[in-house]
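So, here come the structures, one by one.
After this come two complexes, each holding chain A, first together with chain B and then together with chain C.
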Partner chain A sequence: MGATWSDVADWIEPLSRGFVLNLEITFITILLGFPGGFVLALLVERRSPWVRWPAMVIVEIGRGAPALVLLQFVYFGFPQIDLTLSSFASAIVALSVSTACYTSEIIRSGLAAVPKGQKEAAEALNFSSADSMRFVVFPQAAKISSPAMMGFSILILQSTTLCFTIALPEIASQAYEIGSTTFQYFPILSLTALFFIFVCVPASFLVGWFERRSEP
Partner chain B sequence: MTPDYFLLLLTGLPYTFAVTGGALLIGALFGFPLLLVRRSKVTILRWTAVMLIAVIRSIPPIVWIFLIFFSIGTGVFPISPLSAALVGFGLIATANMAEIYRGALIAVHHGQTEAAQALNLSPFHTMWDVILPQMVRVCLPVAATYAIGLLKDAAIASTIGVPDLTYQGRHITQMTLQGLSVMGSVGIIYVLISLPIAWIARVTEAHIRKTVSL
Partner chain C sequence: MDQAASVRPDPSTATLPEDVSPLVRMRHLCKWFGEHEVLRDISLDVDSGEVLAIVGPSGSGKSTLLRCINLLEEPSAGSLNVGELTVEFDHPVKRRERKALRQQLGMVFQSFNLFPHMTVLENICLPQRRVLGRKRDEAEAVAKDLLEKVGLTDKAAAFPSNCSGGQQQRIAIARALALDPRVMLFDEPTSALDPELGLEVLSVMFSLAQSGMTMIVVTHEMSFAEKVSDRTLFMAEGKIVEAGPSADVIRRPQSERARRFFRAVNGL
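And then the complex of A and B:
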């Protein structure tokens, strides 16, 4: 009984391979989800109810349903309409949608926090509404929302472990598989936890520091 | 999806509520002592609490409940999936509630503590009669938002076999191969559950705002 250090050395490789997958999914999800959140934030603010209401319903459902349920909805549900996605593609689709819906609220409050006078000044200088957003409002809103967006990125990394349920060989699946063949659940899962501690603890302290620094 | 399957889906609801409510209760209870340690005057104690909270929150919930269910469960103490989920999410909720309490404590103006001291109230009475009632009011909406988040995280308990809403959804999907409508309904049910929680939070907040001035 008990794992030896050489066992642990053998486990590092498959776990790292899994963790790289977690990082890849996190990265792609941020790349797709954050712009998606920005678009949703703009749509929810539109005056036309035909645009605003559908956007609000999407955001409420995306935020209200667990990411785990969204994942299984895409992976097990889409084949019903002859759209079979790989577990990797399902993970990207589900987590990006969930991220877009959550971050749209962060971005919306960031946009709302930019003083109204900024937009009025841009208008007075004859900026088009697109230019006023791009050069005046967005840069300031991005600065206001960035600590919350960084904090959310940490949560995305953690939520990629949910892909265990759709048979993606990420770190939790690797750990579970090694655990079920060796019965060394405690050491292998602790090692998995260490991967997250090494990344997320410093990252969360960094976010905390940013938050304090950006406070007036 | 036939009505029979829909009823089977609903049998998962009590488990979803049990994991969410149980974990929230554990967190609300143990979060307070953790807050006191987090604000201790002894540096080592304070830093231990800071690290403990950071570590608990850094490990994904699924890894936590695997760690508790498979390693403790297969070892000396056999543990049921439901208890493992309660311990795991209770632990995570404790760390998060301690942070929510801390935010509320900071929000209560320090002049309140000073005024209580000036009136020669003991530290206990300062906390119990002056700070705590105001803290409750500040942290209720935040705690309700957290409860809704916890409700959704609790779906992860389905991975170790707690027969909750998500578990039943997956089970029915495997039987009927109609994931779109089944998992879609599961998602909608979660949205519908979170709506009244948000409403209760707003009503209680309005009520407490009337009875406790801030």
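And then the complex of A and C:
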């Protein structure tokens, strides 16, 4: 027995409710993770080993550990050190850390790709190093990094489905729950995939368009 | 000044008598890159209003010398004096010293280095606002005035990428002048330009020299060195080999090293 169209219509509502959570988590993760990545990129570039080494260790751990492990670590592991977070907060913490560590490398290469002459011009004009970063280097690095950052944002959205393992009622948990009661796994998971395709395919086109446009 | 007498007992002396106080004074400046000694014991004076050309083969240290003046490279030893400020290089340069020194110096690069994400007007206004704390209106008035001087009033709203190399370099000169420097440093300002575009930059530099600006110009343009600069410095292997009135140094070099260089430049 297959699912009927009226079944599908019934599923749309819980799946949408779940998907809103995925989008929320993605949005907040970008909001926290990208600036975090920028800060880590700056720290890793510092000359002092007391700053550089801890930053490098954080980045390597964040990049080395799978996002799934980080999620479980925060949600199930933290309570053992008396830090209990809701599944939503755990998702934000784990995914933001992972995002910050991954994007710090993207941002670092973006900063390095700004021609040396630009920094020298700012220096010769007597800009403070903060002003040089803010007005000269960062805007150019952001433009260089943005296609990769947009691509990474799509990956964040997809990795939010891992949150079904920490009891967050996002779209994958909703689908799994409906599947486990109706046994209509094939149509329900197809429908779930459609939600992502609906967002990710246009976003990928946007990234591609942006990449072509920002080529010199 | 008429010490431009053709009597030059020691052609490698680039310093003025001790009782004259020059705008820029360098004493025993040295610069090492690791084991490699790029500048060897350079002593040099540049008087207020003087135009000094620095010429020499590539790798002779002339660009490094220029970059040492505004501390884009930090000298390894010696001392540097600009106006009332003295910096000794027996200790790492303090931020305050660096700021005070650069405040008096404008720099023009071979590759222009305009900020590509800002309009021409913003390129000239932003440093004034961030470094000198000028208000927007004031900065724009200064910028427009300077753009008129370099003949680019119509380019104010353009982006650097829509300007020719010669135009970009003139904008870079305006950007540096907007901060009211006492000395302008030019690092091969026409080397990236074809001769025609180079000429429009040179003519801006010429009128700047006429207006009494103190200028130190690293260049391969011998005609500029000869016609515009008061003095020419010939460098090789990190040392000042000859210094003196431009016509003397270029037309009648005394050392074999300089003679060889100018023969090559003149294509003989």
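The rule is short, and it goes like this: the second predicted complex is superposed on the first by the 216 of 216 C-alpha atoms of A that agree within 3 Å, B and C clash if a C-alpha of one lies under 4 Å from a C-alpha of the other, contacts with A are read in each partner's own complex, and residues count from 1 in each chain.
In this section, a residue touches a chain if its C-beta (ideal position, glycine included) is under 8 Å from a C-beta of that chain, and two chains touch if they have at least 3 such contacts.
Since we're looking at a predicted model, the values are computed, not measured.
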Exercise for review: Identify the partner contact of A:D131: answer first if only chain B is touched, second if only chain C is, both if each is, neither if none is.
Suggested key: second
Practice item. Would you sort A:I28 into first (chain B), second (chain C), both or neither based on which partner it touches? Key: neither
Check your understanding: With the two structures laid over each other on chain A, which partner does A:V51 touch: chain B (first), chain C (second), both, or neither?
Key -> neither
Review point. Once the shared chain is lined up, is A:G64 touching chain B (first), chain C (second), both, or neither of them?
Key: first
Exercise for review: Give one of first, second, both or neither to describe whether A:A3 is in contact with chain B, with chain C, with both, or with none.
Suggested key: neither
Review point. Who contacts more of chain A, chain B or chain C?
Key: B
Exercise for review: For A:E123, decide between first (touching chain B), second (touching chain C), both and neither.
Suggested key: second
Practice item. For A:Q140, decide between first (touching chain B), second (touching chain C), both and neither. Key: second
Revision key, fill the gap. Residue positions on chain A within touch of chain B in the complex are 60-61, 64-70, 72-73, 75-81, 158-159, 161-162, 164-165, 172, 175-176, 179, 183, 185-186, 189-190, 192-193, 196-197, 199-201, 204-205
Review point. Once bound in the complex, which stretches of chain C touch chain A?
Key: 70, 72, 99, 102-103, 105-107, 109, 111, 113-117, 126-127, 130-131, 175-176, 179
Check your understanding: Which chain A residues qualify as touching chain C in the complex?
Key -> 115, 117-118, 120-121, 123-128, 131, 135-136, 139-140, 143
Check your understanding: Where on chain B does chain A make contact in their complex?
Key -> 51, 54-55, 57-64, 66-67, 70-72, 74-75, 151-153, 155-156, 158-159, 166, 169-170, 173, 177-184, 186-188, 190-191, 194-195
